[in-house]
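Structures for review follow.
Heads up, the next two complexes both have chain A, just with different partners, chain B and then chain C.
Showing the complex of A and B:
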């Protein structure tokens, strides 16, 4: 415990040192393009309401796209793993899409679907879909045959087997996919706003840059990092709650 | 006609074409209600495969299996399997109690509370009182085995197919488990078909021992075990009928081994 705390203090000293260094460097410069931490702190304070509401829009779209991807792609992945032929036919396509950076499709989708909320949500869904479907597919392929036997011996239907056996036993891998999908959703949500949008944190960042408000931009970035940290902590918490049996502490054997 | 389970000229092969590997060929057996039957056979001869065919988990390539007169195509209600790989057969995300309740999904005529009471009763019968809230991975291998057995019985089972349930436990635990199994079979009216590679265990437990031959396997001989019940680890094992049956099974296995080595 104390050892952990000492390590944590050391870990804290690095960013603190960097902050001091940054302030010193900023003081030696006299351009608004290189604001120091104090100036950024003020920007964070004064821009917080705007940033939070813009960030809220961005996160909402990311969440909508991510949720849409979850409810469609996880069942699809499990299904593809269960129905071997379909999986074999579709897996080259999945591999191909997996290597395509999701932002690459932004201009294309915007051409067809416009630049409204739904167009962005579609793009985010796509970005989140790839890791989700791939991981749930792989997970459902690697379910131990014994569990399938147990399902068979209780005469579970295909849907019941998916829900009661495949879903929980694939959950550890699906959660790994979900982590990637969340990162991807946030990335694409922000990127799509930078390309064409009238609101959202991406637009805010872009506007700060265009008006040379580097301090405001940095304030926006600070809030994005914070949001990322919170999301990550939430995920870690859910994992402990849902997957304790997977990360079991082996006291039994 | 009154048999609870029959297999008639059952054959099973894995693979197709030149990879075709016949495992079971022309196997016929029957189990009567209330009986305890042991199946012994050399390692890898196809005992697990046979059990899967009997349970409706694998379709035989030839012949047919009947459970209570009905042809088995899907796993029938009233027949439970305790798998050889029992620890993997328990769901790690469910507690021991929930694993047993999961096995009771097809039980009819009981509400939730009644199922729960029944599950708790069986848990205590297998000596796991107080472990209902534990997860399978939190208890020992022997306890996991007993959870798996409890799950089998709880599923309104009349016939238990047990695939080498005691292969992995030490000698003392093994003797205790043998007596526990006999006890459970009597208490819950279970007809049992026990696969084992331990000849003494086969004789000790059973009313009848079926000896399987090498691959492709079938029943080579059937040996009646005329021993008083309840069985007793000391008296039964010293009984002349025990020694006689044990001798017969061992001699048969030895002669089969010599024949396969010579061939």
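Showing the complex of A and C:
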């Protein structure tokens, strides 16, 4: 325990060392466009309220897009896994879409839907959809055949099989997909705001650039990182709570 | 049912293309979406051909693809180096993990506007943005894989009298390579994203900038054609990674395929 704590403390020297290096670099560059960590710290302090409210808008949109993707894409993935012929035919399309970087569709959505809230939510939904549908499809394909037989001997209908057998047993893999989907929806929500600027943290960053406030912009980035850390930690905790049976089985044998 | 399934399995690529093509043309003909935004398939192919023959798209594509490829190679090497460093000392490992925890959630797009001031608009900007976001998957997979090498293999190495560094280079690193490549494959996608987004936000050249320009000119068939090109680049980049993986870790794949 004490050894762990000592390692954790000494480990802090790496990020701190990088900060010092950055500060030294900033001091040698005598231009306001290369602020050091001290200046950024001041900017964090003074801009926190603005950044937090903009970040709130961004996170809300990311959550909306992610939720929409979960509600539609997880059932679709399971459905494609069960109705084999459709899944087989559509799998090349899924592979193709998986390699298309989500931010690349931003301009396209802009053509159709303009720059409003809905355009961004559509983009986020798409970005979250790809990992979700692929993982739930793969998961429902790799279900143990015994479980399908159990379903048949219990005389479950197709819908009941999907709901009572496929859904829980593919949950661990779907959660992996969800983790990727969350990362990708955060990424795309910031990016979409930078390209279709109206409001949100992405627009804030863009505005900081236009007003030459590099320190304020870096402060915004720090808050994005913090939000990402919190979301990831929350996800890990939920996973442990909901999927304890999965991990218990894994460690059991 | 089974015969149909086999048929579908066999011809899934043409079937899929046919289906997409059919639905696309049906939507186009039904006219639910204004034609201006939703060109027909032949128009898109025509637009692609036009851009291909006047050469603009080729130079842009080469620029973008080279950036993504070089960035990926640099990031993957750096990621593996960081993983090896973390393996050497627990303190270093913890320290690098802090940095990766902080930097990993930040999207590439967020770095661009600030990095423009600090690094200018040139190669340095692309190198910085790509490496900063692409380095993490190879690094994280590398750390886990180096830890997970089976003790039997390590002990065998020790029994042959290999030193600690020999065990690292000749036993543990090769054993970890397959999993590191999984990370590199994921990184390939990220590197392409980073390049295209940087080009959209700060670029004067490359595919990302071209897409953005076409959108403002309302050339929707050009935009669709370029999107297709981007997807193909993703496939190509993944293919290159797969090729390298086969060359370096072919033994692992053959081992996995061989029945017990």
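Some points to look at:
By our rule, the second predicted complex is superposed on the first by the 248 of 253 C-alpha atoms of A that agree within 3 Å, B and C clash if a C-alpha of one lies under 4 Å from a C-alpha of the other, contacts with A are read in each partner's own complex, and residues count from 1 in each chain.
In this section, a contact is a pair of C-beta atoms (placed from the backbone, for glycine too) under 8 Å apart; a residue touches a chain by one contact, two chains touch by 3 or more.
For clarity, every value in this text was computed on a predicted model and none was experimentally measured.
Within the superposed three-chain model, A:112 lies in touch with chain C and out of touch with chain B [touch as defined at top]. When the two structures are aligned on the shared chain, A:104 is found in touch with chain C, with no touch to chain B. Of the two partner chains placed by superposition, only chain B is touched by A:246; chain C is not. In the superposed model, A:92 lies in contact with chain C only, and not with chain B.
Between chain B and chain C, more residues of chain A are touched by C. Of the two partner chains, chain B is the only one that A:155 touches; chain C does not reach it.
Looking at the shared chain after the overlay, A:19 reaches neither chain B nor chain C. In the superposed model, A:144 lies in contact with chain B only, and not with chain C. Those residues of chain B whose C-beta lies close enough to touch chain A in the complex are 52, 55, 57, 74-75, 80-81, 83, 85, 88-89, 91-93, 102-103, 105-106, 135, 137-141, 155. Residue ranges on chain A touching chain C, taken from their complex, read 7-8, 10-15, 18, 33-34, 84-85, 88-93, 96-108, 110-112, 183, 186-188, 190-191, 194-195, 202, 205-206, 208-209, 212, 214, 217-218, 220-221, 224-225, 227-229, 231-232. Across the interface of their complex, chain A is touched by residues 4-5, 8-9, 12-13, 15-17, 19-20, 33, 37, 90-99, 101-114, 116-118, 189, 192-193, 196-197, 200-201, 208, 211-212, 214-215, 218, 220, 223-224, 227, 230-231, 234-235, 238 of chain C.
On the chain A side of its complex with chain B, the touching residues are 144, 146-147, 149-150, 152-156, 164-165, 168-169, 171, 245-246, 248, 250-253.
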